[in-house]
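My questions will all concern the structure given below.
Each chain carries a letter (A, B, C and D) given by its place in the written order, and its residues are counted from 1.
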Amino acid sequence: MAVKVGVAGYGVIGQRLADGVSLQKDMELVGVADVAPTLSIRALVERGMPYDLYCAVPGKEKDLEAAGVPVSGSFDDLLGKVDIMLDATTAGVGAMNRKLYEKAGVKAIFQGGEKNDVADVFFHGYANYDKGLGADFLKLTSCNTTGLIRTVDCLDRCVGVEKAAITIIRRVADPGDYHRGLTNALKMDKAPNHQAVDLMTIMPHINATGLLVHTPVTHGHIITLVVTPKKDISVEEAIAQFKKHPRIRVVTTDEGFTGNASFFRYARDLGNNRSDMYEIGLWADTVVKSGRDIMFAINIPQESVTIPETMDGIRAACGMQKDGNDGVAKTNEYLGLGKWMTPQYMED
Amino acid sequence: MAVKVGVAGYGVIGQRLADGVSLQKDMELVGVADVAPTLSIRALVERGMPYDLYCAVPGKEKDLEAAGVPVSGSFDDLLGKVDIMLDATTAGVGAMNRKLYEKAGVKAIFQGGEKNDVADVFFHGYANYDKGLGADFLKLTSCNTTGLIRTVDCLDRCVGVEKAAITIIRRVADPGDYHRGLTNALKMDKAPNHQAVDLMTIMPHINATGLLVHTPVTHGHIITLVVTPKKDISVEEAIAQFKKHPRIRVVTTDEGFTGNASFFRYARDLGNNRSDMYEIGLWADTVVKSGRDIMFAINIPQESVTIPETMDGIRAACGMQKDGNDGVAKTNEYLGLGKWMTPQYMED
Amino acid sequence: MAVKVGVAGYGVIGQRLADGVSLQKDMELVGVADVAPTLSIRALVERGMPYDLYCAVPGKEKDLEAAGVPVSGSFDDLLGKVDIMLDATTAGVGAMNRKLYEKAGVKAIFQGGEKNDVADVFFHGYANYDKGLGADFLKLTSCNTTGLIRTVDCLDRCVGVEKAAITIIRRVADPGDYHRGLTNALKMDKAPNHQAVDLMTIMPHINATGLLVHTPVTHGHIITLVVTPKKDISVEEAIAQFKKHPRIRVVTTDEGFTGNASFFRYARDLGNNRSDMYEIGLWADTVVKSGRDIMFAINIPQESVTIPETMDGIRAACGMQKDGNDGVAKTNEYLGLGKWMTPQYMED
Amino acid sequence: MAVKVGVAGYGVIGQRLADGVSLQKDMELVGVADVAPTLSIRALVERGMPYDLYCAVPGKEKDLEAAGVPVSGSFDDLLGKVDIMLDATTAGVGAMNRKLYEKAGVKAIFQGGEKNDVADVFFHGYANYDKGLGADFLKLTSCNTTGLIRTVDCLDRCVGVEKAAITIIRRVADPGDYHRGLTNALKMDKAPNHQAVDLMTIMPHINATGLLVHTPVTHGHIITLVVTPKKDISVEEAIAQFKKHPRIRVVTTDEGFTGNASFFRYARDLGNNRSDMYEIGLWADTVVKSGRDIMFAINIPQESVTIPETMDGIRAACGMQKDGNDGVAKTNEYLGLGKWMTPQYMED
């Protein structure tokens, strides 16, 4: 029987979570909840309401209906129909929602913007699936952490990782954002960045630190990693390992992946839903060594990168697959991850 | 019998022309032509070659095949199978291609980047469909001109237009471009801009001038127009006229259409192909008057806005519909233009 | 005897007001007031305190002194020593400060960010100097309005102006700003823009409207104006009139004034204080006509453009010159405005 | 007797080299050479020709004179009067100019844009002054390399440096540039970046690698370094060492140095010539450790950072100071470097 899933917050992440759940053949998307006739909600209406909308806050139905948005019920109504909620509300709201989820007896997965203590387990599908097994409340790693752990975990499984120094070149807004932005400036954060700290929480055997610089772009973060492996690994072997990972696309600048915006453009050219990409990009022609340290650059599609690991989280929390390898494999199958690993790609 | 269409150049515009033709039930897309394994061509491969690819320049087959791109034949092969070519090659190449089209006895429509003398008729589906009837070589108006003429023609049909002063706030690159760009600067062009001159070519009874400023953004031009109508028209009546136009979306900032990037985001949220929009946007809350002059702002989605008028051009050149109203109506029907004109929208 | 001037708020505008007053040989800068050890205050310290600093809010002395900033006294101390205050505090604070100024019996000039009702007179040095004569509280026009009025007033004095349609292409942040910004988006404001409304307040015989678009750049607004003169004026004659104005620099793109950032760069190359320019730029090669309407583009250096008119305001409020022409001439002389009008420039 | 210096190319770097030489009391700026009436040359004219201008290419005098630019002679005339030329021409021209310098028997220093083989010695004032002693042709390290070597050399003198992994977050254009730019994209370079390679050329005992990402901003590069010292050094001790360096400004985000643009703004507020800063910035609150590795972020003011090291180069090449410590000390004295090291700053 399909696990019944609801989504709270139909914004940038919430929309993509709903889409992602819809693609999982062993899950059922019951509906999404929001409070106002935003552009995303208006698009839902223009599309003919493929997802049922529940009003997340009592009293807000009027605003929605005044804008011509059909409302299927209250937040309580939605909670009454689901096994698990994916909470993609504005940071801070999730902590309040947790009480409602507890009262209704439903599980929940919170997004990376919430504080860690909103949940019992801080989760990453590949790095600590077991910790999420049967848990009631998970918090996903943030977009950057989710993506970079894919690569660190990949190397760790292969040769072991001792430490990592991480430089995050962060995109500052999403396409269509006006409420946050940066103009002709690079903004510096104090060290260490939370992603390095989070990496150590998820993978406690690794020592990590890092810096973060905000840049005035919208199409994906770029991260450089300096990873010290436990055993030496050649550039070629590292690239070969990355190529086998269904959530990492290994590319080169010569192919035309000139920068972060190329992944966005390629996703459009592929006809991907919302022009999204679930995979991170990893440039093979940035992999270099300095002594035993291995350095490389990756691209993080911030809007969609956490969707696969959130699906993994549902699988773990609801016990759909007991083994992490099985869990991520199901997610990958339903999201079509790795299907681009054609022989041609693999032989490169 | 379906008109057979080929596309030369599978870049930003060429891809969208191919998609557009595919949606016209009375046309058949024979194939597309290009020369190198660009990202767009690589995406075509990853999608499983929904369109046949022909090699546009003899000798380049090897480069394509080395990158794993299946080639269906030469440019001559393609020309031998089509009634009309849509030429979306780099500016300047179209003029050379014209000779090949003449030799092969096929019609062609060139995009706005070419010089006007590449074609016999300078064309806009709404403003001068008749001129294109049966013509062998058409050149489409550029993206800005195409979009702004929709509004000027709309007012002209209603109250007559005497003159227009046009300020184009131009996006300087497309998403994913690295070869052109502008950083923290607004670049000023000499006056008048070519769009004002082109408007007068297409609609010779109107006096027009204008300025153009380049801005460092990628998601759509914004244009302000100061239009002097022959007869007075109220703000409300003008808005009502614009709302009836299937290629103009009348929106407001209050709905969430905060700027040019909102249209792009809305197209993504709608699930539109490649996150595109064929309609221009027009902000109802920018329509103001100064004396009899009427001023307003529009948004031009530069990558896709000329697709409908190019479909109109095929209809005119191939005589598929003798009457312009019928021609644009067919294009609108197949592209789904105007279907968002729900009663709810119309009553606003 | 020199008029004694104080400046409240040592931010982007306040610093430049202090510099401007320092250059007026018939004024004395008593000191500046601020509340926190901002970068600007730290620079004042590193420069050796060329201006005395007063603490604007009781209790904040400790913060300043903890950062090594010498404090010369309280806000009341400053008010006790001056004839007039230039209020360049954050928008909204000026309205509260007015009460302190009234109590202390000092005049004040507020900047454009305050609401109009903060002052008795809404002022522009060229367009309504007389209204400011002897007034206790003036509010300056904002940067865009100040700059565009220079050109409209210039034409008005020459041939009379009937109406104007104004498109403001607004820079969204100043260099070094992080708290406001826009990334890859053009933001649209509802019409009409306040600058058109303000123009009509200052010059009530003119009918004006306009639109405003925010752009992600920092070096100066660009404005296009469509001006309907009462009497016909040729492009050449209009340019000649603009060239005679000491606060307008007439330039061309061919000289290298490629856009808004060129003025900033030129000011740096000139060795101007803080790389500022008091003059607006006007591109001679954007001046065009459509019927009798005349259209052209100007550049507004937002950080410094209001300094001359504020100096004019001190002259008017304090009755230093009874005639507006004399008042602006004194300001121009002390700020060196028009000295670049060499024969070479004038003959162009 | 003062060493006589000429500057070839009066662009972004050439102007600043001329200014820098003017401040050295033991040097004489004979003149600058250029070919066209650029904005920078027009500014020189408006300033009253503080530097004599020589025409760099025969036949171009007419263009200059037509624009009202006084010409003091030919390039040969300039070469006949100088001991050493600073070549800041467009990349590639320097290699051709070298032949003219050899023929005229004058020494020359080339900027970082030229290929290394343009000169006999690849030079950095702090890291290899001795190599430049008496040399005829030096090439300066590029802006990023110059700045980052200051920090690596600083640590190397203290505890020895074994290796470094460098992430360069590069500004893509200078303020006022229109011919190069990037819009809403981060551009990725293949690894390793040339700066890491250059570091190893200048300091052959260090192993280095690194990546470079281009960002759409104009006010200074940001670099993160992961440095492996030979001996352990604490964060506090490292900061203390950096604070003693006259060409490194140690700052914090809490003081208001929020990002790269803050340094530019601070230079404006300081009233610095052309709003420039010779020092690199180093954020004390980015210095962190991972194992023995020390990681930190610096800011590189690309337009002016190489001026001090070029002055050092003149001193070395002309044998003005035989000892590197004396050489850099003289440069620092005349450029006012380190004078901001007030007790207050040093005690922080």
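Keep this in mind: contacts are C-beta pairs under 8 Å (C-beta built on N, C-alpha and C of every residue); 3 or more make two chains touch, one makes a residue touch a chain.
Computed from a predicted model, the values in this text were never measured in an experiment.
Between A-B and the choices A-C, C-D or A-D, the pair with more than half the same contact pairs by residue number is C-D. Of the two chain pairs shown, B-D and B-C, the one joined by more C-beta contacts is B-C. Subunit B and subunit D have centres, each the mean of its CA atoms, that are 47 Å apart.
If you average the CA atoms of subunit B and of subunit C, the two centres end up 42 Å from each other. Looking at subunit D, residues 175-178, 183-185, 187, 216-219, 257-259, 261 sit in touch with two or more other chains. By the touch rule above, subunit C contacts subunit D in their complex via residues 15, 37-40, 42-44, 46-47, 68, 175-178, 183-184, 219, 255-259, 261-262, 264-266, 268-271, 273-275, 340, 344.
For subunit B in complex with subunit C, the touching residues are 163-165, 167, 169, 171, 184-192, 207-211, 213-220, 222, 224, 226, 228, 253, 257-261, 283, 285-291, 293, 295-297. Within the complex formed with subunit B, the residues of subunit D that make contact are 172-173, 175-178, 180-185, 187, 216-218.
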